Every structure is written in C-alpha cells, then in structure tokens.
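I have a structure here, written as structure tokens, and I will follow up with some questions on it.
So that you can tell them apart, the chains are marked A, B, C and D in the order they are listed, and the count of residues begins at 1 in each.
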C-alpha cells in the first residue's frame, strides 16, 4: 500500500485545495491518520474509494471522539515577559502570573473513519474530521453517500455525541429514544439521579449517593415543616 | 397525519435508489400500507430488536430497524474503567462468543501498547476462538431454523454441541459464557494436558455432528424453498455497506480477516474460505456450516502443533497498566464478522476513547435492502441469516 | 383445614390420598407455569439452554414458552432492562393474566448489574414491577434458573386461597395495572414506582 | 424425489432418538435437583473470603488493602478498614476488614478480585443456588456470609488450593527463617545484655494455615 505521504500527495493532486493533514500517532501501532477539511471531505472520500490503486472500498469503523474545552493552566508557562515591576532583576523569572491566567483551548468533536480495501486487501487508512466547536458548529459532511456502512454509525455519533451530519439520508436518534435531549457519550454528560440504593459505592457514585440522600432528607424535612 | 411510508415511496425518505427496480407500492391497488412494529418483544428478533415495517398486503415496502433496547452504555463504561476492567465487559458484547470478544480487545490493547504474546498463548487463543466459532455457527443455524418454524430439534442439537464446548470453556476459564480469559500479553491461565485431551475428544466428535446437521437440514426441501432466492445481497452493496463475516462471503466476496490480516498465528494453518454464489439466505446458512468444518480443520492442526511454554508475557502488567499516548484499531474475524476495537490512550489508566466496532450492527445496515419486496415471514429468516446478537448491536 | 403431615404420608402408603382444595389448586398452578418467551440479553441464552435437553425445564411443567403475554403466567426477566426497554417490559407485564409471577434472572435484571452505572440502564426491574424471585449470577447457570423455578413453585404452593398472602387473582385489591413509565427528556418519568420500590437506607 | 431431504432429516432424528438411549455423547437430561452435572474444578460463581483455622473472625486472610475494591469492574465490593490490628498467617500484625460487603446482585463473577489479591484472601465459590425472594438483604453478603474455611476451599478447588497453601507455607517459612535469623542475631548481639532478646522475637502466629501442603 502507498504510504500516508503518498496518499496525501495523491489526494492533493486529485482534489486541489483538499488541505489534508497528517496526524501522527505515537503508539506502537503506528496508525497515523489524515485529517480532512469538512468542505472537501466528500470529494476526498470519493477519490479514496474510486482510485484504482487505493480502492478503499470498505469503510469499517466510524466513531466520534469528544475533546472538551481544555483549561490549560500549567502549560501557559510561556513567559509573559510584561512584568517589569520588579526591583530591577530579570523579568523572565516572573512565572507566578500563570496561575491566574488560564488559557482555554476550545473543545471540538472529532469523527474518525477507518478505511480498508477489500479489493486489494490493505488498510487501514484513518481519516479524521473536526467540528468547529461543541455547541453550535457541530455539523460535518456525511460520508454515507460514499460508503453505506457509515449510515448507522453516523446516526450513532449524532445520537451520542451530537455531531450533525449534513447530507445524511436519515439522521435520527438510533440508540436512545426520540425525545431524549442529551448526548450521553460527551464527557461532560451527567447521568440522571437514580442513586437511592448503592450499597457498595465508590468515588463518584458515593458522592452522588450521598447527595441523593441529603436531598431526600432535606425534602422530607421540608415536608414535615409544611405539615406542622 | 402523514404516512411515512408514502413519503418514502415518493422518494422523500432514504432515497429510492435502493429499491433495486422493485415497485414499492402498487398505485392502482387502492389499499393503504399497514404499519407493523415487529419487536422489541418478538420471538424471532433474537432479543430486543425492533423493525418498523410497512406492508402492502404481505409484502414489505419499508423496513426501519430500531435499535437501542439493549443499549448498555458499553463504551461509556469502558471509558470509566481501567483497561483490565473492560475485559469482562467485552464478554457481554456478543454474549454467545465471549472469547473472540476478549481476543479482539486484547489484540487492540496489545497493538496500542506494543506487547508480545507468547506462542502457546496464541495457540490457546486460536483453539478457544475456533471453538467459539463452531458453537456460534451451530447456534446461529439452529436459531435460523427455529425462526423458520422447525421449533426444537435442530436447535436442540446445536445446543447439545454447545454444551460440550461450554463445558470445555468452563474447565479452562471457570465460566460457561463469560469467560474473561485473555489478558494483554497472553491468557489468564494455562491449559492442562487433560484439558487439551478433552478438547481433542470433542473435536473428534465435531465432524460427526457437522455430518448429522447437514444430513438433517441441507437437502430439506422445505428449507430450500424457504431460503433460496430470499434476501439476496449483491456483492457491491455488501462491500459498500461494510457487511463482514459469513454474510459477506455468502455474497461471493473473498474477505476473511484471518487471511487478510494474518493476525495471531493464522498464517500457520491451512484452511479454506468458503464463498457463496447467490448471496441469499440459503448461501449464508451453508457458509456457516462450511466454515464450521474449516474451523474443525484449524482446531485439529492447532491441537497437534501446540507447543509448551508460558502463556503470559512476563513483562505484561496486570495492575497499573498504562499504555502510552496514542491510538490503535485492532480487529479480528469474529464469528459474526469484523469485530474491531478502537482505543485512544491519553496515558492514563483508563482508555480515553473505547470504541467497539460491532459486526452485527454494521451488518444490519442492509437489512432493509434485503427485505424489500419479500413477505413478512421472510423477514424473520433474513434477520436470522444475518446472525445478530443484540448485546453487540446496541452495546 | 390442614391434615397432619405424617398421617398423610401414612395414608398415601395405603393408597389413600388426602389433600385439601388449596393443595390441589396450588399443585395445578405450580405444575403448569407457562413462561413468556421473552429474552433480553445474555441471560436469555442461558434461559434457552435451560429449556434444552440437558437441563429440560419441561420437567417442571414450564416448557410451554408463550410468545404472547396473554397466555403466560411467568415472566423471566432475563437480562439487562434498559431505560428504552423498561416501558415495554412494564406494558408486557400489565398484559399478562393473573396470577402472574416474575423471576429476575441475573444481576442486570435485579439491579442493573455490571452495567448499573450506565445512563441507559435501569437499576433493577423491581423499580416498576414486583419481582418474586431474584437469581444472582452473571449469567446464572441453567441449574440456578431451575432452582429459582423450584423456589417459585414453593412460593406458589404456600399461597393460601384466602386471607393474607393469597394469590393476586383472588385478591380484588391487588393492583392490576402498573403505571408505565414515560420516556422523558433525560430519564424515565417517574424514575421508580414508589408503590413497588421501597429501598432500605444504607449509610456509607 | 421430492421429500427425500425431509426423509433424510427424519432418519437423522430417529438416529438421534435411538442414540440418546445408548450414547453418552448425546448429553441426555440431567435430573437436576436429584442428579447433578459433575462439578468442574475451575468453576467460579461468586467470591468468598478464605479464613484459616476455626474462628472465621480471627482467621480471615484479608488485610483490607482494598485492591480488589478498586479493581472490581462493577465496583460491587465495599470494605471498611479496622482501627486495630491483629496478626495474620505469618504473625505480622495487620489490619483486617471491619466491614466487607459484596453486592452479589451486581457482581459479574469476573474473578478479577481474585487475580489482583496479593494475600490469597479472596477466592471464587461454586455455589450457585442463591435464588431468593429478598432483594436487598439476601443479596448483600457481609463478612459472616462471605467467610469460608480453607478446608472448604480445598473441597471446591483442590488443585488450586494446594498450590496456594504451598505458596503460603513457603512464604511463612521464609518469614519464620528470617525472624529466627534476626532473633539469633539479636540474641548473639545481646549475649551480654540479657533483656534484649525478648522484643526481637516475633509472636508465634495466632492462626496457622490449616490443611497445608506440607
């Protein structure tokens, strides 16, 4: 199979301005991936499928990944060399300001596609796409018109992560019920409170079970108060 | 109230390119479509699966699978658990084939962490994996026939064989169904020589079982009449829809991950990949029986060649296992198709992202295409021939 | 009126069988419990295995798995009940004819089991319907289901025909319908049926 | 001939029917409550706590290290550590679990607690007949219900238990040898000072591992 660089070059040649980036993967698996721009994704995908040499006719796995907003406090050690208020010593030593200034790296949702070729028995080629953010710019082009196998998997990502796939023929919730409002696979999702009976609680469950009992006791006390 | 079925017929639904030239609703018939929800409580949906079906008389004009009745949040729980703690959960994905699930997950983590597996452990994996395939295929054929109305006999034979294999699993791993046997870098316990002898004994009996099963079913006229030409899946559509496993090979596409990826030690064994011609229910049924025989061949070879040695990589860690940052996609040829695990590690004790690529779920993509134009009774068969397990479909 | 147990056995040896109406009635009921053909998850496979030749649930008069709730006396909740499925389970239970019994088979059916902390998993079906027998195990062995079934038979046997503890079909006050939870925006509504689900307080 | 396939199939069923009377391989019904399938040694169901000796409270091997609690995938173990200490099998004073609960309505019988336990204190039981009407009390097992003797462990998993006992005996011998060497060294050193020998000597273990491999 072609190397990822060759694939990138081939894509650039076939789809001018595709803007495909290589995302390195440090794990021993060495499965590096290609990040597509949403605007040209469908074109690139069609090329990957139809190109005689690549023939990535089989889309195996589609999945979402949630990367929430990251508050980076310690990494802002970049010397904010503005502090000249010192008595005359070096300014670079003024690292104490970083604690108060936290940089928020905006989060995004990512969709990962694993492609293989059944015709040529090679793969995987990993594609990724990012949404603009996690709230209002969550649409990405659907690759279902290119590979049918994306149909249910993209619906699942829509359901659990809230990525809206433009061009998907039937974008509805698939695993949760229709009236459900949340996107439970997002990392900031909070499960509903049903922690009445937790005989062996730990960590988060313990906290929630205790909170539940406290709330119940408060409610009971309030009811008693109104009753008297 | 608008009728979704007519919307669909008018081409506002999923797109009528799929309809394959068949007429969806007869405009002159003057009848309405009848909408039936098959499931989630339905004896032949293999669990809690639902199909919203629109019928024109007996004919299917629309079929929308509805999932999620067994959505157990496997992936979310996996992100909250350590790598090791997810292993017993994988047993419960495809709960008929827990050992192949273990294997796929172990393979993905080993890929992520760059671990080696000792040779004996690889052989043990192949042995238990192929035993799993045998019992899965026997069971899936049994259920298919059960759906056809032959309640009892073939399924009972399949379960009998399964019980023998389950006894082996229990003797090795301690549990009948939820084996939790594999670890990153090997297998949890070593097999004794008595266990291997017991496997040999069961494996020697398997060809006889396969013969009996074929005698019982393959030339049965009723079975042939019910299954031949039903639920035809074209190879191009199968590839595009990501169908894998016996359903794909029944459509004539030669793609078996054991041959393609040559993962584990499958390059050492001689076995054939049976292929179908028509891609109908009968082909899928036959492919399973043929694969069962190929699995027996692999088992015989593996049992002959299994070497002595350790079953765990001595460097492997059970507790405090933290792979380095990165990601990996590991896949195996599970009895139902390509079972993949996609893991992203952020260097912590838990995977950052834990994704299961379930074969049954993706194989259902084309359920509607296979069912359109057939009778209601055939839907049950077509679904049975896809061989789904809801634990894996909904996760 | 009860007959002395020793006397009864003695008479039985002589070929005289003494029984009460209650015993006869309950014998009939317990020997033909028809389960509903209803599998949810992993445990369902063990449930099917129980009906197969090696374990043979038919020996207890319970081989007739009915696909329709109207014809079934017993529901084996064999597997995880998700929040998406829970309304259907309650509905099916409501459709069953009295007297009806419920066996919660496996950890998931009792408490949500290993999947307990999942957002879509109901932490035990007894939040909505009364459960007679609980079988722990993940999944329970087929013998465990048989044992639970015998426990249920014992329970049926012990039910008097009148007064306290009589079977539900003879009790006009027993609730026939259990409210079906609605699927809300975030969770099932209500999250539990307070008439069925009473929790002991465990302080940790 | 039409119907030939059906007849072939029927012949097969007849063969099976007849065969089930003669062939053991056809796995005929085991009449469960009266007969049982031969127990398989590796079988696991729910965890139990092993104790040595007669008194379960004194002999529990568990030292409340809470590793199993942390590693348990469905988090069904709850442990509270004791305030005081008592000697373990080698005689070292250890804390013990003041509370050890396993919610078997959650337990998935995965055996990970057994695998991670460094003290051989928790093992898998084979009892499966636990059906109960009591949802809460009947399924939350506390220490008294979980504690089972080492002899019992030997009856259900003989090979494994023998291995465990051998390992523990070896460990104990090592500790004792070490203690003896230390005591001797101390005695030699304190030959002049007669009072020094006493504190270096370890207490004899209160409980011995019963049914050891030695």
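The working rule: a residue touches a chain if its C-beta (ideal position, glycine included) is under 8 Å from a C-beta of that chain, and two chains touch if they have at least 3 such contacts.
Please read these numbers as outputs of a predicted model, since none were measured by experiment.
When the interfaces A-D and C-D are ranked by how many C-beta pairs touch across them, C-D comes first. In terms of the distance between Cα centroids, chain B is separated most widely from D. Of all chains shown, the one whose average CA position lies nearest the global CA mean is B.
The centroid of the Cα atoms in chain A and the matching centroid in chain D are 43 Å apart.
Computed centre separation for the pair chain B/chain C is 31 angstrom, with centres defined by C-alpha atoms. With centres set at the average Cα position, the gap from chain B to chain D is 35 Å.
Counting partner chains per residue, chain B shows two or more touched chains at residues 68, 71, 73, 76, 88-89, 92, 160, 163, 178, 394.
Within chain D, the positions touching two or more other chains are listed as 27, 73, 75, 78, 103, 106, 108-109, 136. Shown for chain C are the residues that touch two or more other chains, namely 53-54, 84, 111, 114-115, 117-120, 138, 141, 199-200, 204.
In terms of which chains touch, the assembly is arranged so that all chains touch all other chains. Touching chain D in their complex are the following residues of chain C: 53-56, 59, 107, 110-117, 124, 126, 131-138, 140-141, 143-144, 146-148, 150-151, 155, 199-200, 204.
Note for the complex: chain C touches chain B at residues 37-42, 44-46, 48-49, 52-54, 67, 69, 79-80, 82, 84-85, 88, 92, 108, 114-115, 117-121, 138-139, 141. On chain B, the positions that touch chain A within their shared complex are 13-15, 67-68, 71, 73, 75-76, 79, 111-114, 237, 239-244, 253, 255, 260, 323-331, 338, 340, 342, 344-345, 352-353, 355, 357, 361-362, 364-366, 394. On the side of chain D, the complex with chain C involves touching residues 27-33, 36-37, 45-46, 73-75, 78, 103-109, 128-139.
Only residues 25-29, 31, 57-61, 63, 65, 112, 114, 118, 121, 124, 126, 147-149, 151-153, 160, 169-170, 173-177, 184-185, 187 of chain A touch chain B when the two sit together in their complex.
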